[in-house]
Amino acid sequence: MSLKGYSVPRTSTGVASLVPPPPWHYVGDFLVVDFHADPAAVVSLLPSGLEPHSDAGRCAAIFADWQSCTEDGEEFLDPVRSQFREFYLVVNALCDGEEVTICTFIWVEKDFALARGWIQGFPKKLGEVWVTRAYPLASRAAPGVAVGSRFGATCSARGTRISRARVTLERPSETGSLHSAPALVNVRHFPRLASGRHEEPAVHELVKSLSRDHLIADAWEGPAELELFPAAGEEHAILAPTSVDRGYRFTFACTVDDLETVRTID
Amino acid sequence: MSLKGYSVPRTSTGVASLVPPPPWHYVGDFLVVDFHADPAAVVSLLPSGLEPHSDAGRCAAIFADWQSCTEDGEEFLDPVRSQFREFYLVVNALCDGEEVTICTFIWVEKDFALARGWIQGFPKKLGEVWVTRAYPLASRAAPGVAVGSRFGATCSARGTRISRARVTLERPSETGSLHSAPALVNVRHFPRLASGRHEEPAVHELVKSLSRDHLIADAWEGPAELELFPAAGEEHAILAPTSVDRGYRFTFACTVDDLETVRTID
Amino acid sequence: MSLKGYSVPRTSTGVASLVPPPPWHYVGDFLVVDFHADPAAVVSLLPSGLEPHSDAGRCAAIFADWQSCTEDGEEFLDPVRSQFREFYLVVNALCDGEEVTICTFIWVEKDFALARGWIQGFPKKLGEVWVTRAYPLASRAAPGVAVGSRFGATCSARGTRISRARVTLERPSETGSLHSAPALVNVRHFPRLASGRHEEPAVHELVKSLSRDHLIADAWEGPAELELFPAAGEEHAILAPTSVDRGYRFTFACTVDDLETVRTID
Amino acid sequence: MSLKGYSVPRTSTGVASLVPPPPWHYVGDFLVVDFHADPAAVVSLLPSGLEPHSDAGRCAAIFADWQSCTEDGEEFLDPVRSQFREFYLVVNALCDGEEVTICTFIWVEKDFALARGWIQGFPKKLGEVWVTRAYPLASRAAPGVAVGSRFGATCSARGTRISRARVTLERPSETGSLHSAPALVNVRHFPRLASGRHEEPAVHELVKSLSRDHLIADAWEGPAELELFPAAGEEHAILAPTSVDRGYRFTFACTVDDLETVRTID
């Protein structure tokens, strides 16, 4: 009667677990737009433990077209269990004086990615994400990874448009997006339902993402467009761009099997 | 810099929270099939703190076609935020000598219902659920709530069939499903990701569901069919029926804003 | 080697046909809003063979939550094959002097309903439609069919909001929506692909809908709201309301197995 | 009052047309499995005008992960309007003595692709299709296009699994799939609804696909697996493999703006 499983549902074998145990290997095509939002809006989203960055309004919008697997690696033979797309917004902050980013809003297409996100502190909801693909041959139906090619992306949730971005490739990128360098922090949060204690989460901790075996390929950059649209029950549009900086397209791979707790939030 | 929200994502207002704060008001049409499975399979799914029931193999399969709202009650004017269908399996057990049921597998259609389920200890995944509807007029396209009418339901997940049920109405039901009377217990579980501690969940507690303001309408019963289908990454089919008992159709309403922790599971 | 099937794909048995042969029995809950649009916009949408109505701008927006079946009637036991929701707009016109309506835009959730619509001349696309449901008991989670109850509905397509409506029930309706009385005409249209003939459709005919065995139940009316939202690749928003008239909620059933060709359009 | 649009819905501008006018440019990643089925089953699916091939049971199963656009080419900046995946089965036949293939069953993910298929004679239904992707860097989460790499694909419809395939890359392919060389024929079919004439389609013609500007890249082959699963309302499983031949993976591009009518079917 001892149950196994990294997540629910737990059974005597653990096979049914929505999220298989780490390590989780990821590879994805990214479309990223650096931008600036109202600094006060950014600051209003910082959890306890983070301080405003000196360039407080700096943000990035990220569309990712992922394939992931666990150590056994067989999920990509049943790709409904390995593929997902997501859109997220990160903002700039300081954590104990260190420059960091934090993910404030994120939408993803699959349940396993939703739960795996919560476990890492990403505040995930379900959404539909679309990103232009490149193919390994020249066609009017696909932009090449080449000068002048254009890529687009959208996110919607509950039948309402959340965001839209476009990037025109200008040249290979040496730096990549400004949001890539800093450490990524998040807040792991799991609510309580006991009466009278709805405002005392069972889990509430500032965490720092740890990932390893980073690879990057085909990084390009160029001018970009970005729009964030208001929607019922959503607040991401408070980060509507006041200026749009550079856009980036690249392929990225990494592995996750650890997470650092910075501190518990009272 | 103090964030609000019953669930993630948390903001200065709490408006974007995937799960709004309780109370949660529910109303739904139910199609339920009582059945028996292999007692050893049932016992293999009991968490620490539960003991086998003397009729250990007794289970129920429940399809529910829900509409829910919070205290403000405005969600049903934007029904993408209030409607969802789910399919779940409960099994029989004893908790401190008391007869209880526990939900072992459950699939649901929306993100807010998935997260709200995890908070209550339901081990939810996403799935697609379909249930025959009755309409308030006689038509060949709809069964009436009347003698001889037939209702069907299916659940699928990741493009694979999970279950199928059929119930033929025979007479109004005085007792309702045998699974309805006992208290419902679940396990709240939230994983940890820190390296070396993957098997030490951050939250792991046996909880008893508390709900109030129960209403029931139009309860009928009759003979039933039920099938559970194996699927990759799923284990519900270990509860495949060894015998199928009565089926039930009814409408049920309740409100949830509390949960009792029975004990923490080590 | 003689193939059968009312629609594609055709086989030696016809079982795989996307659309089973008529008759098609329908039952659905309706939320309807009568409104007026710019008369010039309405007239711009009239096909050859229709003339403007004297009240040219009069339109209706219809949300329907359907269950349908064929003569065998077994589809509702596998409701993924019987249930669908749709949203459509009809406008006023004259056909050989007779007052008619014509469906100018329509979105539906299922492939069989999309194809069945094309066969009848409805210009269907896929969309997601949500409509508030009533349940047969009093609950904060469901409006009753009673004075003061509020119902909402939305349609979206390709991740973009198409429309939103709200109706508050005021009293049982004796007349029903003004759009219900006139005959419904449509244009059956099936394109040609042969080079140089892209503008010569293979089928292009004005048709009048014929349906029988109409039933109506629980018809109520009251004040309403309606919005139509612009979207890429869509033009329904040219019918944005200049004034919103009454709203209606009712349940309707009918059977379809015939269609009258008014004339071929050159 | 003259309406425009290559397909419905037609308006004064044609912008809302579900299918934009040709040419249609396509690029896609393909996973193909050549196989043999019961020759009698294949022959039972041949429309009037086709004769059995001497190797009558030879078939192919094709999974394609497409991006498409029209002459303006802007759809790929809003990829919900350009991307779709599909799964289809082709069988071998003779047409006026010429070796051809014909598509007997096909499922696709988007409405525009569904309708565009009907126009070309593909008997499309909606389905969900998943195909393993390759990424331009080495990762445990993605197979490379290299010796020993494995790719998988699935199709499901209405919540039921339709097919599953796996291919292991062994070496670059010089020949490609045996199904690629012959011309592709299909049957354009559009039903009639007038009472008494349900069995007299309005359009019923044998057509030969014409496409131009073919490009192919990265063609590999190797051993393969293929399963076809029975499902309610489906008949593709009559083509269940009696033997599975080679599998192929490649990227393919073409343009379509013409179709040849071979003959009308009485």
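In order of appearance the chains are A, B, C and D, and numbering begins at 1 in each one.
Keep this in mind: contacts are C-beta pairs under 8 Å (C-beta built on N, C-alpha and C of every residue); 3 or more make two chains touch, one makes a residue touch a chain.
Keep in mind it's a predicted model, so treat the numbers as computed, not measured.
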Chain located farthest away, centre of chain A as origin (C-alpha): C
Averaging over Cα atoms per chain, report the distance between chain A and chain D in Å. 34
Averaging C-alpha coordinates per chain, one finds the centres of chain A and chain C separated by a number of Å equal to 39
Just give me the whole-number Å value for how far the CA centre of chain C lies from that of chain D. 30
At least two other chains touched by the same residue of chain A: list those residues. 78, 80, 128, 130, 154, 159
Between the chains shown, work out who touches whom and classify the graph as line, ring, star, complete or other. complete
Given the complex with chain B, which residues does chain A contribute to the contact? 1-3, 6-13, 15-16, 18-19, 21-22, 43-48, 50, 78, 80-81, 104-106, 110-111, 114-115, 118-120, 123-126, 158-159, 187-191, 193-195, 198, 202-203, 210, 232-236, 238, 256-261
Name, in rising order, each residue of chain B that touches chain C in their complex. 25-29, 67-69, 71, 73, 76-80, 82-83, 128, 130-133, 135-143, 150-154, 164, 166, 215-218, 251, 253, 255
Can you list the residues on chain C that touch chain A in the complex? 128, 130, 154-156, 159-161
